[in-house]
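The structure's right below; bear with me while I get my questions together.
We just call them A, B, C, D, E, F, G and H in the order they show up, numbering each chain from 1.
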Amino acid sequence: MVQAYILIQTEVGKASTVADVISGIPGVLQAEDVTGPYDVIVRAEAETVNDLGRLVVAKVQGVAGITRTLTCPIVHL
Amino acid sequence: MVQAYILIQTEVGKASTVADVISGIPGVLQAEDVTGPYDVIVRAEAETVNDLGRLVVAKVQGVAGITRTLTCPIVHL
Amino acid sequence: MVQAYILIQTEVGKASTVADVISGIPGVLQAEDVTGPYDVIVRAEAETVNDLGRLVVAKVQGVAGITRTLTCPIVHL
Amino acid sequence: MVQAYILIQTEVGKASTVADVISGIPGVLQAEDVTGPYDVIVRAEAETVNDLGRLVVAKVQGVAGITRTLTCPIVHL
Amino acid sequence: MVQAYILIQTEVGKASTVADVISGIPGVLQAEDVTGPYDVIVRAEAETVNDLGRLVVAKVQGVAGITRTLTCPIVHL
Amino acid sequence: MVQAYILIQTEVGKASTVADVISGIPGVLQAEDVTGPYDVIVRAEAETVNDLGRLVVAKVQGVAGITRTLTCPIVHL
Amino acid sequence: MVQAYILIQTEVGKASTVADVISGIPGVLQAEDVTGPYDVIVRAEAETVNDLGRLVVAKVQGVAGITRTLTCPIVHL
Amino acid sequence: MVQAYILIQTEVGKASTVADVISGIPGVLQAEDVTGPYDVIVRAEAETVNDLGRLVVAKVQGVAGITRTLTCPIVHL
């Protein structure tokens, strides 16, 4: 399994809705609104890095109101 | 009370109008045009961090012409 | 209570040690290594925004090997 | 007169001291600690843009613990 | 007189046209296409910082295809 | 000959299509999807820096779904 | 196997040496000097994301003169 | 010939000295202090992109007090 944080920027005024919708996507463990350069921080997991990439592109980025996502895979060093 | 600076980027050509409109929002103490990576710098206050987040998302980001806001809560260390 | 994500950049080669040390700081709920523009992502909580600021400046930033921290308070909109 | 916001990044753990010291510099109207990508936000004024540049380089940047300053002159459009 | 560099990002595919149009704006001394994080670098001058701000917002940012401008006033230290 | 990496940001959900289309542009040696602050990394070559600039502006940036490109010419020091 | 681009910033004047040394690290496929916001772009591969993280932290970041690395895993969508 | 802008960040308090020293480097056409995210903006020229890269790494980056340079080659589209 690969877990990752996904740092999300939304269109102005859309942060709350985006977090709500993302929360319901399979593979998403948590989605919260934050202040600062990002608007929503998500924790997600998938089988492989490729699956994670597909989750982000096909599911998360499909949510209306998202302008940028930044995926940060968690690594165990 | 929580106070914060809100650093705002606007659509090109909209800085002046954005600052004017934001000045009239309750909770906004000051809104000024600047040059550099940001176009408008706002000082605002609210009861709690959550209220501040709502002020930004519901009121400030509702102003036409804003493309990004960056909220920097003031802290007393 | 205020919770926040703290996105941390470390000196090269220090990510793993930094995450380990931060994990032991009171108020820190989780600290993980990630790849991308940040090296460690921390979840922490404190009573107020000011307490959170003090936790970051006095405790987290005191960990050797950290070069930048970016605090993103979680808001409930 | 030219006024400006100066957005400051400090070495880890130095934000509070930096804000205190800057507050005492002639031409500085206000200096506060913030969370987010910047650590201290200052408001300052000078006679001209050149004087403002000198204030920042000669006085503000001379404060120990500052790593970057970003000067944003206030403009009246 | 105040001179400044204006670092410009354009919509994809618009860099060349933007530089051409900006070259014809009074107060603009030079406008060139570059590669890297910016697409066009302009040198301009105005009587005061306020005039410079107005030149950028009213004239330069009015050129179709510009998405962000970053004004860097030249200072004589 | 000048070679360069082109770091590309795409509209959300478009990374895969963008990489596919760019792969077919003459002068493009490789185009791959990545995670992180960029969505697609391209390697391209042209006769001169000017030709490279034209390749990027006229061909690569013409691909639907691209929002920003950052050209990094390879240099032999 | 996981492949990734590693975008590297070096201390001033160290780009060439850094690229040379990194080229010799097992798992590194290519290391080239570039101009722009990054100084060296590396292509590397490892068995898993965790191995990739260890390669970057333990080997690449151990090269003298590196100040920041940004790992961008290649994904097949 | 290849011309380029070089956007330079300096250690705090060093902008003025850095601009003075760079002005004397062969191939440098102009070096000026600016306010904003960069401290000095240089215009330089060289025979080829490789020569330009060498000029930046071997000569410009050798000036004491520089922390980052960002080379933006001028292109004629």
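Note that in this section contacts are C-beta pairs under 8 Å (C-beta built on N, C-alpha and C of every residue); 3 or more make two chains touch, one makes a residue touch a chain.
Not measured: the values here are computed from a predicted model.
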Count of contact steps on the shortest path from chain D to chain G: 2
Angular offset of chain D relative to chain H [C-alpha, multiple of 5 degrees]: 90
Between chain A and chain G, centroid-to-centroid distance (C-alpha), Å: 26
For chain A, residues that touch 2 or more chains besides their own: 15-16, 33, 35-37, 49, 52-53, 57-58, 70-73, 75-77
Touch list for chain G against partner chain C, complex: 49, 52-53, 56-58, 61-62, 66-73
Residues of chain B that touch chain D when the two form their complex: 4-5, 7, 15-16, 19, 32-38, 41, 70-77
Contacting residues of chain A [partner chain D, same complex]: 35-37
Residue ranges of chain B touching chain C (in the complex, touch as defined): 2, 49-50, 52-54, 57-58, 73, 75-77
Chain B contact footprint on chain A (complex, rising order): 9, 12-13, 15-16, 33, 35-37
